[in-house]
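Each in structure tokens, the structures are laid out below.
First subunit A sits with subunit B, and in the next complex the same chain sits with subunit C.
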Partner chain A sequence: MEHIRKLGYRRLGLLIGVIALLMIPLGITNPYFMYVINLILIYILLVLGLDLIVGYTGQVSIGHGAFFGIGAYIAAIFSTKLGLSFWFTLPIAILATAIIGFIIGFIGLKLIEEYLVMATLAFGTIIWLVFLNWTDVTGGPMGIALIPSPPAMNFGIFQLSFTQYADYYPLLLFFVIVAIIFTKLLINSGFGRACTAIRDDELAAQSMGIPVFRTKVVMFTISAAYCGAAGTLYAHFIHVVSPETFNFTMSVTILTMVMIGGQGSIIGAVLGASLLTIFSEALRATPELRMLIYGLLIVIMMMFFPRGIMGIINYYRKQIEKRALLKKMKGAKATVDVKKEGLGYE
Partner chain B sequence: MNKENLTDTAILTVAGLSKSFGGVKAVNDLSFSVKKNHIHAIIGPNGAGKSTLFNLITGIIPPDQGEVRFSTTDITSLSSDQIAKHGVSRTFQNIRLFPDMTVSETVLIGTYLLTGAKLAPALLRTKAFREKEQAAKQRVEEILKFVGLWDVRDEYAAQLSYGNQRRVEIARALATQPQLLLLDEPTAGMNPKETKELMELFTAVNNEGITILIIAHDMNLVNTLSDHITVINFGEKLVEGTAEVIQKHPAVIEAYMGKVKVDA
Partner chain C sequence: MIFGKTKFNGCIAFFMALTLILAGCSSEDGSSSKAEASDKSESIRVGLQAPMTGDNAQYGQDMKNGVDLAFKKINAEGGVNGKKLELVVGDDKATPSEAVAVVNKMIMNDNVKAIIGGYNSSPTLAAQEVSKNAKALHVHMGASPEFTTLDNDYLYRIILTGQVYVPAVLKYMAEEKGIKKIASIYENTDYGITMSDSARKAAESVGVEFIATETYNPGDKNFSSQLSKIKKMKPDAVMIVGLYNEVALIAQQAKQAGLDVQFFSPDDSMYSEQLIELGGDAVENHIFASMINMEMDTEAMNEFIKLSEENNIEPEANTAIAYDAALALAKAFEEGGDSPEKVRDAMAKIQMEGTTGLIQFDEDGERSNAPMIMQVKDQKFIIIQE
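This part shows the complex of A and B:
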């Protein structure tokens, strides 16, 4: 037990998660379940991306569905009209969403808090209208169909022909793991620390020499690129893109996942994406009820658990640690006084 | 350290600085200079424009008129992060900590200017990146030991006592390796013991060769610590000089106590 504790609950959880995830296709034969799992992986990418700007930098965006859409449409257009394969559309989509993210960030991040939310909402709506009405390029309301699968990959004994859902799984998992590692490296650096400082106190951060605006814009750009990558994967996985996927509801869904999982936490992003995707698939028959429950969930989470599921987990973990510490201390009373703080922002 | 040899050079020069909020002249044509390695106190009644002056010096708000020079550099129109880069750091009147961070994490933020924020080295974890991270951690350790917070380094900064929260703020400011440290009422709301301990810390910081510009109401602190005092009232400079000069000056007594009627 001691070496497990040394490893840290966080790392242990991550390790178990990765191993369990690798085993999944072996046990699941139902293609629908495989489809849902792949969808979860795409959502994890989106949530990781949005969490960079919302959770780590404290700038709320409800327009990230648009970056997801731009990535998907670029993949769709370049692959169907120019015949480019997935390995070419992916970098193009990432670069394009990053550039658009930079422009939107450069304009929008001059605004703060609710004004930024409104600006990103407007941006998301504009992009959705472009998808819907620029019929020559985006196919209008019909969208673009027949997007090719990624080219088959051959690893000797192990082949991915991308003819069934299970074939996409290792590819998507690979990108999710890359994204997680990328996020970790990013967060545990001077840049990542600068972002969290901006989230916690902009003025104090700036007084420490952190260029607030520039840092925000860079993070927004990276965040948009994540969503662009997710969009490309989505397009090549689903084979069809249409405007209604990338509307306001998508942006809200991703944001809800960030909130439910816990802002500023990689495990939180994974949890939020997984739970909400399963949840929304389970309620597929009654979409109206789904939005109602989403709304209620956000309200309840914001009121009682503003740090999401990870907030609750950290809270209880701290309680357990405190108890253990008190037990160690000689003559300490058995009763533990755990302060009510720690769940929410101050 | 022999202060007399260093007193010739001004590290900070404020010339003709003005700032109005609507019709209120918060700072009005204010000029003074801070000598290198001094502890320079700014005193004045509430609302005299002391905090506004700090915000003007550190670039948080732009002045209407006038100039702020740091050593020989004009920093008037620079943003606060650029000013921090030049070697000016500060604490805030109402302590501004990062609510989600432990003490050591908070102070680590102050090493931003040392580590920088380049993305490529961070993602590749280059040797230079790792060395800088190591140097930053080293600096945090030194500073935490220096200000006496090493034992509480893993506690959340916001959960510490008021006096220790102020220490965290000072430690964070020191982590930027400033030449000039601005302290905005650092001992407000402290008990006498905390005040005394903080005063010892300020002296220690000053002995490290860091010039201190301090806003304070506590006259005991001002008289004990400061090499030079500037009194401001209604945004204008009233008097300046050493503690003895200031204490006896009729204009200062008037600003604080009101006009003494002598007609009887």
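This part shows the complex of A and C:
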């Protein structure tokens, strides 16, 4: 017990959480649920990546589905045509998407607000058309099939042979945890603070001496690299890539996940990715109504909770805190609401 | 403040209404799943992987109708070995990733024993890996020649491949119509590409030449640039590889552009009453190869037509083909019983008369019936060569 107390309850909770997450495959015997959980993990990576640029830097992109696609196609091409394994395609894809992200960011981030949205939209469409029409390399509308699984891994006590969906789970979970830790470190660094400053007030940030354009481009590059990694994992997990997966709808889906979860929040990213994936899978029972209900839910979410789930949670937490504060200071009148810039829940 | 009080109340009311709607939707499902649970052992579930939404939704619906008819017939006759057949519909949206997802769900979550579909090749290519691992029979309607080379014993194709259709129709065009120069316009999908590849390969052996190839994307509405290019080449005939909506549009726009030559299609993808409805006079004389003739006077076809009239279903070619697939599958289940290996062996050895003629598969899971050549005459489909 002494040990546990020393460790601190917060860390203990984290430890239990991680162990519980690792135990999930033992508890779920239905491979379909495992498949959905793995899909959620891939989406979490994507959402974390997009959130870096949308939630933390305040630049809206609806072209991130293309980075996802580039990652997936690079993995597919290098693994099927050159026979490279997952551990080689992953860094190649991350590097390539980062470079393309840098170029796109360098050109696009000179634009602001809706013009940037249009530019990223155009980029996403161009990349989709490339996937569709560069038949010799991308297989055109047929896409690329028979992408190999990652090589089997042996950890002594347990083995991952990647023949069933449960085997992918630890690998994907590992990448998600790494991404979460990296995001946390990045956001709390000076660079991350500079990004949030740009989001809250670009002019003020500039007058404080933050190199606005450079910061934005670097963040866009990192954001693209996240999507590249997610794409590689997706290709090796689904074993097939085809253009329709990475069209405009995918970009919008990721952006919706960011919005619904709550921008600028890691927990929000996890919640957004999980909820939307589960919704879209659960509605498979009614194929004709699926997109209708899905769309309706999103409209309702955006109308009533524009700050997403984390926005609601934060709103109520603040209310409770305020009430507690008022109780403490008996007799004092309700204090004036101090307006704070930013999202206020980081 | 995120929302005001009135907005908040409104939102709660909205959600309550939504919950009610959803509950209303799911209560149907709930009751049926309860019924399934009670007699789970007494039913065999079969999944349909087909495009139920999007550009190809009509084909998915046709296939669903066909399978529904077959299952109704079998269940009315007492089912398969006393077990009722039950259909689970999965929408693959004609995309590979959706197909993988939906076949996964149907096999692993809904416990289906076999898959019928898909309609398009690339989703089926992606999804057959899942059904192969689960040892579930997969009876599909894809056109790609790649299926023949796959090492999957559980995969069967209920339609003929492009390699059978294309030489037959080209031979007819060359010998009967004296065609030498052909221009082709095909849809830029796996189906269009594989069909036009087979055509180019077969062209030499029958002595015709492809002088122009143009492509379009599914959903395109304007084909004037392709058609004017084709017109300049002065072909003897134009081959359109596509589905009925595009074939009808292309034929109409060609007429308007003054391109008055023989049009033909290599297979029966456009064999639908919709073709004549949409195309009208423009599709008159259109020639195509088909594995099925809806007017044929056979026992199986008459029964199918009767069934579809009773159930108020439009008897389309795809409906009949899916109906055949469902009947063949039911027969395989009847002979194979509970073991997936035995069901597969029964399917491999199957021999039965269907609406599409004799259903029987070779070692690659392909059918080898000879296609017929058909033509649109006076707003009707007639056979011009058996």
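The working rule: the second predicted complex is superposed on the first by the 290 of 346 C-alpha atoms of A that agree within 3 Å, B and C clash if a C-alpha of one lies under 4 Å from a C-alpha of the other, contacts with A are read in each partner's own complex, and residues count from 1 in each chain.
Here is the rule we go by: contacts are C-beta pairs under 8 Å (C-beta built on N, C-alpha and C of every residue); 3 or more make two chains touch, one makes a residue touch a chain.
None of these values were measured; they are calculated from a predicted model.
A count of residues in subunit A touched by subunit B and by subunit C gives the higher number to C. In the superposition on chain A, A:S85 makes contact with neither subunit B nor subunit C.
Shared-chain residue A:P31: touches subunit C; no touch with subunit B. Shared-chain residue A:A197: touches subunit B; no touch with subunit C. Shared-chain residue A:Y315: touches subunit C; no touch with subunit B. In the superposition on chain A, contact of A:S149 is made with neither subunit B nor subunit C.
Contacts of A:T249 after superposition: neither subunit B nor subunit C is touched.
Looking at the shared chain after the overlay, A:P306 reaches subunit C, while subunit B stays out of its contact range. Applying the stated touch rule to the two superposed structures, the subunit B and subunit C interfaces on subunit A have no residue in common.
Residues 30-33, 35, 39, 132-133, 135, 140-143, 145-146, 238-242, 244-245, 281, 284-291, 293, 296, 300, 303-307, 311-312, 315 of subunit A are the ones that touch subunit C when the two sit in their complex. Touching subunit B in their complex are the following residues of subunit A: 182, 185-186, 189-194, 196-197, 199-201, 203-212, 215, 218, 264, 339, 341-342, 345-346. The touching residues of subunit B, counted against subunit A in their complex, run 58, 60, 79-82, 84-85, 89-90, 92, 96-101, 105, 108-113, 115-119, 122-123, 125, 129, 132-133, 136, 156, 158-159, 172-173, 175-176.
In the complex of the two chains, the subunit C residues touching subunit A come out as 2-3, 7, 11, 14-15, 18, 22, 25, 29, 52-53, 89-91, 93, 95-97, 100-102, 104-105, 107-109, 121-122, 125-126, 129, 144, 188-190, 193.
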